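Dropping the structures in below, format is structure tokens.
The same chain A turns up in both complexes below, where it pairs with chain B and then with chain C.
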Partner chain A sequence: MEHLLTAAFLGSLLLGAVTAGVPLLLAGLGEQISEKAGVLNIGLEGMMLFGAYFGFAVAYQSGSFALGFLAGGAAGAVAALVMVLLCVRLGMNQIVVGIAITLAGEGLTALLHYFTFARSYPRLDKIGTLAVPGLSGLPVVGDALFNRSLLVYLAVLLPFALIWVFRRTQFGLNLQAAGDKPAALDAAGVSVMGTRAAAVLLTGFLGGLGGAYLSTVGGGLFLPFMTGGAGFISIVLAMLARGKPLWVLFGAFLFGASLSLTTAMQVAGIDVPTDVIQMLPFAMVILVLVVFGRHSYLPPALGLPYHRGER
Partner chain B sequence: MGAARARWGVAAAALAVMAGAAMAGSFALGAQAAEVKSIAVLTPEQGTDYGWNQQGVDAAKAVAEKYGLKFMPAEGLGYGDVRPTLRELSEEGASLMIAHASGYNTAAPEIAAETKTPVAIVDRPDAMKPGLVADYTLYAHEGAYLAGEMAALMTRTGTVGIVVSGEPPSWNAQSAGFAQGVKATNPKVKIVYAVIGPAAYSDAAGGRRVTESVISAGADVILGQGNGSSFGMIEAVETTKATDGGDVWFIDVIGDKSSIDKGHLLSSVMWNMVPVYSAMVEDLKAGTFGTKRYRIQLADDSVKLLKTKHIPADVWKTVMATRDKIVDGSVKVDLVTDAEGVRKMMSSVAAK
Partner chain C sequence: MAGLQEKGRGAEAAFTLLRVLLPVLLALVVGGLILVALGKDPLAYYRFVVERGLLSPIGLQASITRMAPLLLIAAGLIVAFRAGLWNLGVDGQFLLAAVFVAALAPSLVAGGLPHILVILVCFAVAAAIGAAWSVIPAYLKAEHGINEIISTLMMSFLGVSLANVLIKLPFNDPSTTVPQTATLAVEDRLARLGGTTIHWGVLLGLAAVIGVHYLMSRTSLGLKLQIVGSNPRTAIHAGIDVRRLTFLAFAISAAFAGLGGAVDVMGVQGTIRADWNPAYGILVIPLIFLARFNGWAVIGFVFFFAVLMIGGESAARRMGVPTFYVLVQVALLLVFFAVVEMLDHARQKRRGA
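Presenting the complex of A and B:
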């Protein structure tokens, strides 16, 4: 096992943890915004798939990862428009519509892939990185954590930005009110639908961005169903984190680190069944968030449509 | 006279018993000769993946043409519930439904019982039912043995890797065959083994992540077994240097990805499922469907190694010589299909 304790191997595990964690972080934070405003966005998986397809397609055609990320985010937001229309505007069941968006995402992106990339399977090169002066040279962790793409740094800063938005801005307070007491927000002259619509669109954008990262950086290519439940894991992260963005950050990277740990355990030859090893990321994240995040808070109006005049 | 009458009586009774047994047998087997007019194949991903899905669809199409059957493909169904699709295909008159994914091996027998349309499934030989359910779990361990020999001959770092997106019996057989080939060729070569996830067949990002780690652990030849996730493994091989600074080789399974290769595809353990599907049609016609196992092997080229321009001539010659020895029986490759048995054969585990 000693021969495995090399900088290259440990670095690759850390890098794997970051790469696996970023899509969950982005999508989980998006879900948290939506939930804060009272909309349970079960369609996140579908939005991620739309983002993954269009993010990859644009990055491949343009040669620009940045454009790919923007396209992925935009595609996720467009998918979220369906939820805005059907759930926020028409008050339809959020779970049913969410499942429909996920199924549509799976089917449509698989179809698009079939007509575009299913015979050529184009693959992207590695994304360019931005070294943090003074830190990127650290042994083992330097390259894995401090020599990453700009989006990784932005994703890590996003929870802090959201904390500020939630606590210090009018929009943040409106989000809170839309999820806690939408009638009070309405009475204060602020549009509940407008607030919830903005939240859902932001969720779609961040979910799509996460999907784009998964396809362009994580895989380097797009495949049908490639999210493999990442959207649902993000929803679980957001719900267990109960309104606290830093818990999403922690949970996402704990999940990524656990995935890397499973690889390390296998490569190192820990003699336990693979199924047990593969279960670790899920068990670990649920355990930690249930134990430490149980005092957090879920909005009372979560999942409930708002109809003006109803109590 | 009495003795002769008794003998006739015994003979008549024996005949009656035999006839009864034959009738009971035919009822028990439930296998009656059937007219085969169409063949349907259901795949989780599109039949354009240069792998499991494509080989399945292409083989079913070839068999349909061979026997003049209507071809009914249902591709890209995902890994969810395929019961509605199976019912639909049955209603449309499918004579045989090939459920081409291990994830379908619970739903397909259920629908077969419900609609009385024969189905073929993988990875569940226990579910075989005469006339109704056949299992075609295929083992290409002989081909994987040759791939292992090739990997042992080609490695510079002395470490080779196996990355799999799941541990179904078919892939376990290949992992074990590969390990046997490596060890028989050079016992000093280390084998690093990693599973992406319990069923990460389309997890390209996971395939890339795990393969990068296996390369960082020293492997410079990777045997990759995955459906879509294989492309993630290939991406890792193309964008990551081995620990000695050189290129990493990739050995694929089931299909031929050389048309999309960027210079890292060393070989592939190729499967030809046409003989298997042909045998299913013949068995349906003969009333023996669901009564026997199907196999692929080096001897009839239903398993063979892909020859690419990257394989040195002397390596290919050595490997082909071993192929002949396997075919004539002078080299035996053990069939290991359980995950625990596979892991015991890996250096990384044995080193504990």
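Presenting the complex of A and C:
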């Protein structure tokens, strides 16, 4: 057991936990915004895949990670626009449209990949990092936490920004009302559709950004179906966080750690079949649901389209 | 008057047909435009798919054979969806059952068990494995009201990985180089019908869908499940044990998915290699919506879809359009289904008002 606790193992586990956790964090926070506003976004997996493909394609063509991230976020938002039109505006079944977006994301990005990168599998270089002076030299945690790219620092700050938005801003209160009692929001003269549309677009942007991080930084390349359920795990994170952004932060890195365990164990020289490790995050979700399931919370109007004047 | 009513009924039937066919047509057109964007000729592609999946005798038999697992999965989904339960975990239930059957069947044959008993035991095991994989989501839904979409999906991912672990470790056939289960000899598989390549699992699938259709529309159990699905609160007031029915509907649904796995292994595959996951379930789900949970319509859509799949698999090899294209087509079908459904609601509202 003692070789599990070596600095190399812990360092690589932590490094991997952050790398795998950032996409979950971004997408999970995005989902939280939608759920607060009463929209269950099952299409998150598809939005992440769109972000992953277009993020990679643009970063590869332009040589700029920043442009890649923007393109990924934009691609996710475009996919979310479909959901806004069909679910928020026209009141269609959110689950049917969500499944459709996920299938379209899987199919279209795999097709595009086939016709663009499938012959050469180009890779991106490593992203540049910003070392935090003084802290980046620390053993074990230094490289993992304090010598990362700008987006990682921004992603970790995002939950705190969202706490402020949810509690202190009019937009945050509108989101809450759109999920809890849309008719009251409507009566107050605020557009329920506008609020929900903004929420879903933000979800798409953050999901796409998470996908772009996954492909450009996490893997350095795009692979079909590369999210492998990360979008669905993010939905679970949002469900269990009960509207609290800090819980998403905590959960994302916990799941990130379980996703990165394979690499870390290889570093430590332990041979465990990858399929066993791949089961870990999903087994963890199930376990968490069984143990803490009672405490998950979703807003009353979640999943229901809002029609004016109807009860 | 009678003539007028007749005319009204005719128009209604035409609308029903339109409601079903319009999404399919729109999906084919928009899918074709995507092919154009990718530099492929959509007409040539569709012609090839129809020739290979429907018009050639070998292709047609392959399409009908492919219907067997799809129909069994569909039967289970009809029960779950009509009971208001989104069992999106059928792929895990299917694969796990398939892997157990793939390992069990050859060893039963080697043990000298008669053919009919091998089949019965394997079917029972498959149904039990599938049902077992639905217990946790059913528990979470019934006890804590946790959204089953997420829990079934998580169980599905878990099941697919577990199936791979099983193939690579305990069920691995050491005599082969790639990890795979022992192979069921061709003569021990499900018998074929007449002089065709179609095995009798297809008949089982048809019987399952029709049986489920009547279970849901003609029996008290079916009625109770539908009440639970349409309004759980009403169900509680009517004295229906919602908890028990939730477990039951999940179990039936997953057992059918498991049977689908057994039929695919014992009828067609014979063995399962590591990382094999046809993901039929996620593709059958949209068909159930398109058919509006009606068993007869499900059979029609499953056939249509089996042709697309078999033809698409040929096209992937011959025309360089990968099978991912089928995923896009299903997504388009779903979107246009939702659009047409909504337009229809608006139309009915206008007539009602």
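Definition applied: the second predicted complex is superposed on the first by the 264 of 311 C-alpha atoms of A that agree within 3 Å, B and C clash if a C-alpha of one lies under 4 Å from a C-alpha of the other, contacts with A are read in each partner's own complex, and residues count from 1 in each chain.
The rule we apply is simple: a residue touches a chain if its C-beta (ideal position, glycine included) is under 8 Å from a C-beta of that chain, and two chains touch if they have at least 3 such contacts.
Given the structure is predicted, the values throughout are model-derived calculations rather than measurements.
In the superposed model, A:Met193 makes contact with neither chain B nor chain C. Once chain A of one complex is fitted onto chain A of the other, the partner contacts of A:Ala183 are absent, as it touches neither chain B nor chain C.
Of the two partner chains, chain B is the only one that A:Leu221 touches; chain C does not reach it. In the superposition on chain A, A:Pro273 makes contact with both chain B and chain C.
Of the two partner chains, chain B and chain C are each touched by A:Ala110. Once the two complexes are laid over each other on the shared chain, residue contacts for A:Leu150 go to neither chain B nor chain C. When the two structures are aligned on the shared chain, A:Arg119 is found in touch with chain B, with no touch to chain C. Of the two partner chains, neither chain B nor chain C is touched by A:Val141.
On chain A, the surface patch touched by chain B in one complex and by chain C in the other comprises residues 106, 110-111, 114, 224, 228, 273, 275, 278.
Of all the residues in chain C, the ones that touch chain A in their complex are 34, 38-39, 86, 88, 136, 139-140, 143-144, 146-147, 149-151, 153-155, 157-158, 161-162, 164-165, 168-169, 282, 285-286, 289, 322, 324-332, 334-335, 337-339, 341-342. Residues 45-46, 48-50, 76, 78-79, 167, 192-195, 197-198, 200, 202-210, 212-218, 228, 231-232, 234-235, 238-239, 243, 260, 262, 339-340, 343, 346-352 of chain B are the ones touching chain A in the complex. Remark: chain A residues 40, 42, 82, 86, 90-93, 95-97, 99-101, 103-104, 106-108, 110-111, 114-115, 224, 228-229, 232-233, 235-236, 239, 273, 275-276, 278-279, 282-283, 285-286, 289-290, 293-294, 296, 298 touch chain C in the complex.
Residues of chain A that touch chain B in their complex: 1, 3-4, 6, 8-9, 11-13, 15-16, 19-20, 106, 110-111, 113-114, 118-121, 123, 125-126, 214-215, 218-221, 223-226, 228, 259-260, 263-264, 266-271, 273-275, 277-278.
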